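See below for the structure under consideration.
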Amino acid sequence: MASSCGEVLRLSIFGQSHSAAVGMTLDGVPAGERIDPDALRSFLARRAPGKGALSTARQESDEPEFLSGLVDGVTCGAPIAAILRNRDARPQDYAPLRDIPRPGHADYTAWVKYGGAQDPTGGGHFSGRLTAPLCLAGGICLQLLEREGIAVISRIAAIGGIADRGELLHSTAGKAFPVVDDAQGAAMRQCVEDARAAGDSVGGVVECAVLGVPAGLGDPIFDGMENRIARIVFGIPAVKGVEFGAGFAAATLRGSEHNDAFILRGGHVETETNRCGGILGGITTGMPLTFRAAFKPTPSIALPQRSVNLRTMEETELRVGGRHDPCVVPRAVPAVEAAAAIAVYDALLARRRETGGPSWT
Amino acid sequence: MASSCGEVLRLSIFGQSHSAAVGMTLDGVPAGERIDPDALRSFLARRAPGKGALSTARQESDEPEFLSGLVDGVTCGAPIAAILRNRDARPQDYAPLRDIPRPGHADYTAWVKYGGAQDPTGGGHFSGRLTAPLCLAGGICLQLLEREGIAVISRIAAIGGIADRGELLHSTAGKAFPVVDDAQGAAMRQCVEDARAAGDSVGGVVECAVLGVPAGLGDPIFDGMENRIARIVFGIPAVKGVEFGAGFAAATLRGSEHNDAFILRGGHVETETNRCGGILGGITTGMPLTFRAAFKPTPSIALPQRSVNLRTMEETELRVGGRHDPCVVPRAVPAVEAAAAIAVYDALLARRRETGGPSWT
Amino acid sequence: MASSCGEVLRLSIFGQSHSAAVGMTLDGVPAGERIDPDALRSFLARRAPGKGALSTARQESDEPEFLSGLVDGVTCGAPIAAILRNRDARPQDYAPLRDIPRPGHADYTAWVKYGGAQDPTGGGHFSGRLTAPLCLAGGICLQLLEREGIAVISRIAAIGGIADRGELLHSTAGKAFPVVDDAQGAAMRQCVEDARAAGDSVGGVVECAVLGVPAGLGDPIFDGMENRIARIVFGIPAVKGVEFGAGFAAATLRGSEHNDAFILRGGHVETETNRCGGILGGITTGMPLTFRAAFKPTPSIALPQRSVNLRTMEETELRVGGRHDPCVVPRAVPAVEAAAAIAVYDALLARRRETGGPSWT
Amino acid sequence: MASSCGEVLRLSIFGQSHSAAVGMTLDGVPAGERIDPDALRSFLARRAPGKGALSTARQESDEPEFLSGLVDGVTCGAPIAAILRNRDARPQDYAPLRDIPRPGHADYTAWVKYGGAQDPTGGGHFSGRLTAPLCLAGGICLQLLEREGIAVISRIAAIGGIADRGELLHSTAGKAFPVVDDAQGAAMRQCVEDARAAGDSVGGVVECAVLGVPAGLGDPIFDGMENRIARIVFGIPAVKGVEFGAGFAAATLRGSEHNDAFILRGGHVETETNRCGGILGGITTGMPLTFRAAFKPTPSIALPQRSVNLRTMEETELRVGGRHDPCVVPRAVPAVEAAAAIAVYDALLARRRETGGPSWT
């Protein structure tokens, strides 16, 4: 069940970095919803590489091809299947890697798991390329959430230890390099460039907020919103930590500092602050749902690294060629939004069965 | 599907803080395994309250009652069902809370979700009491893992911003107050006492390591070990963040600093360091699997707090009575171990079908 | 995942014939529903043995004990857990069976599957006793369906080749021996008595109808109503066939004979006939949902049978002692109703999320 | 979760009769297995139409296009995704059907379920066309089962009430029109031709046997082999009944006639007869697993039928144009084999984790 998730909305991701295509099936989207292909393309373009000095030179033309589930652009209730062709494949770049696992990559663990039969080119099914079908599914969910008055926004909260300043806003999320404080953003970009120049890479943090979420989404214990979001966000390669609301900082606070007081605002119950990240007991409070995901530095670096040749079982030195992002964070921003959108939309559909009356006839 | 999890091993948790019992069913444990009741009781005792000044005075007698799945103490292949009676129930303590949600608790979100029909006493199904059946299931898994040479250890990494020093070791995990540096431990205890004296509470961090894990456990994308562990750990009340290996600190590093070199040790492939926390691409490397969970401060505090009366829809001040832990972290340590044990044992069973040959006849 | 089922409504069954208790957890029942304990007891009484010459003399006192999920008799949203104690256990009756599998029983296959560690007493987890928690869950669902105007009725359609005559009606379902034609019913009872007198047993067929089902329940392909019902009905021991509507007889018809014409009745679309059993494409038509389940004869018979001693690996003759129903069909009637109720109520809850509007605020 | 199934092997089916493609994703196939494309094509050809007077004239060129999961024809552990393009689409044939549901079809129920947004052309996601990706998945499983010494065979047991004579054999299964008694086969073909000439259609029964199945596959209660197979077989359009072993005939027998005696044969435990269809308690006995599926007559017939115009809400007469099989049974034979292969292979993989020792290192 590795590559699928969801309760009402069943998402299944397939493909490898250099297979014929990557793609997804999405079962459970209500019938009668129009999908805007232009908005979807725009969203996919945000994770596409080749947009500047910060990212890899590899060209990916992410034009979604819908195989089923839509009739004249409108969902018909059948599973949506859509693929993205892999065009600019260069598997020869990866030939030397077949026997020598790259430090920080899944090469070695996939070799153990699949008995040497794994697809070694470009990370196979573990590649960052798999965030493309995730974004495809997420881009659909974002459109559907928008119709319910729910928006997902995010920003680069930090790169290489350089943190953004100020609070995440709608206007931030629209930027090409989404930070509140552009001076900090410039420092982050320089940090990435420095890493690239050194044949190195650097990690960072993405912060995400879901606005307009109704209270009451999510379930106790294993299907709280934290569990649901974490399950998908940890599906994005390179994520090593997830925190909600105040997160790890909450562990340093006293209850009187951390608890969010309940107040009335316009006749509605709200919390005065939102340190809980809009989630109590796994269930949404109606306040913005906020979380942060930590990304490790890109493991593919030009600097020489120590590894082991799995065929000869000898230690060796490895220099990773190919073209790699020195920092995945800028391109990961839409993937984090996609993960949030999928989790929240799924919880929203699940919630309908609780509140929806017996309207059948 | 709120209260169940697992792929091969299906765990289902039930009960409320003040229902007749809390309990669990665990389906998928192989037949023929002896369960040691004394070891299980000892493990459950570690989360029991009433053991000292640090925790609540409420008495819980956690004697597991097995209803099915064992024949003469040995698993028979049928689902294991076991319960823990709720004896020291005092629902009258909670009467004033029926209409006024406690800040930081699930009272309000449960009220929205269940339309006011939720069990309001003591947190109902959202109570920390539900970690008792989690520990029951986890205690069984710990015994089964031990037979495979796998151990789960943990420590209190921090309380109220006071961090432990040194590295988590087997000997640490055995302590009554599991920290490496007892001076830091004493400071943490004082911090808890200070919070209690102030009618307040404090949060903290638990660090956990799984030793002896074979390489190859876990799956790509949505069922990696991070996803699997996070899904269960976020099922422990008060957890607001989870990080693996270097976690959020990885986001500040360069690739050359973070990547773990592959080396040969005794003819086996290992990594020289273990910043990835024993997981690459969601799959175990064979090195210790390490993670940390952040706990928010206990939301029930004696200090007055602002809230809203949901019946009259008026703002009000709330003083939470009853007996509450000023810090859940010491009692949460076995719950974190239980979560890790369940996730790892489930992944181990799932792995067997990949490596197990066709040994049937 | 052997012992659980359901999409929105997650049912998990546990227990063995002679464990401390049998029971179930039922997650997903909406909060705020009152459960009538008397109606539940009456329903459970229909499957209880010892009610006459037709059934076993074993006494089972099926008084449900609720452990969680109810507050003052009303569902609170948390999983419902309830057990039935096993009181009249006589495991010594089964001692000789430990090594010699009973023909027609799961003794041998459980021995293979669980490597000899299975619970051999009374069928263990494979016992007909496990229909008691199924009826417990089903009895709850029947009450909830009734509030939606949906009724589940059934009859004994045949025993030992003697078929009932006439059409299943509400009034039939209320009888102690539910057949339309009491003369045929008398012949069936004689057939059972003859089998008992001969130390033998006999099989039969149960017919079930769900009335008042709205159109639109169920899903295409693997989650049609046929799939959903069959998955649960085949969970009742001794069921070897399930057919919907005209079923196997449909295979002998022409399309012009089998197709149900669509007509208008009182402004609503209905079908003139109902050979499809109220299901087209896996989805309900709004007409009664009808199906039949074939039960094999009780495998435990007094007549000597050939078997193999699995310890000595020698062929042997076996005489099964103990007290056994010569025909499970009369007691299986409520189990079939329970299965139907669980499947239909689950599909109803799933349907709500499709039709329920965004009524949250 | 309508369109996916499986425990270890997760199959997801997508597509509509006239979408760009139909296809499937199959997650959980072990890495390192070579898939023979020619054998797969041959298997798919058995369900293709246009092979003679008995079937529809519609041309379907079922050349599978693999998108992922294979590297040089060998499974790599990642999900297998493959599609079959829909080429000979003629949606205009179906235009008049948009408002008038065809009796016996899912047109009406899909209209209710999807609020009129369903794909009305050619049955959409409910079309018999969806058996093509089922056969694609099943054809892969058949190859993998063959390597374990397991074969799936089947025959046409009856058409229009004309039954085959004799016992299902390997040699039967290889025939173009798979019956034991060719005279009966000729009568069946004539029956189909007569129905076609009359503008009508006819139903039938497919019998299937899985040979070489090891003892011990399947689980108790809801995941027995009957439950697993029924769940997939009822996913084939037009199936209205499934029975295992003696099935409905078992309901007419006495226990002494139906029970299969255990005997020793070549040192192994077997049953002397196989009336239980190789399944006891949901678990395989090691004898052939046998079952039969009843197919209703093709609902699309040329004869005029009564229906209702859903737009005008008036009763009307309908004449279904297009080209339709007067009997789906011959083409359904491979679909039944596919369903059996998927269910058995999934159970086999699930069984490995029980018997596979801890062979990791």
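Labels A, B, C and D are assigned to the chains in the order they are written; within every chain, residues are numbered from 1.
Assume a contact is a pair of C-beta atoms (placed from the backbone, for glycine too) under 8 Å apart; a residue touches a chain by one contact, two chains touch by 3 or more.
Please read all numbers here as calculations on a predicted model, not as lab measurements.
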*Where are there more C-beta contacts: A-D or A-B?*
A-B
*CA centre of chain A versus CA centre of chain D: separation in Å?*
38
*With chain centres defined as C-alpha means, what is the inter-centre distance between chain A and chain C in Å?*
45
*Approximately how many whole Å separate the CA-defined centres of chain A and chain B?*
26
_Touching two or more other chains - residues of chain C_ = 1-4, 13, 78, 110, 113, 125, 215-216, 220, 354
*Chain touch graph shape: choose line, ring, star, complete or other and state it.*
complete
*Spell out the residues on chain C that touch chain D in their complex, using ranges where they run on.*
1-5, 7, 13, 101, 103-106, 108-110, 112-113, 125-126, 130, 158, 160-161, 195, 198, 200-205, 215-216, 218-224, 226-227, 230-232, 234-235, 237, 239-248, 250-264, 267, 269, 271-272, 276-277, 279-286, 294-301, 303, 305-308, 310, 313-315, 354
_Show me the residue ranges of chain A that touch chain D in the complex, using the header's touch definition._
1-4, 10, 12-16, 19-23, 25, 27-28, 31-32, 65-71, 74-81, 83, 110, 113-119, 124-125
*In the complex, go through chain D and note every residue touching chain B.*
8, 30, 78, 148, 214-216, 220, 349-361
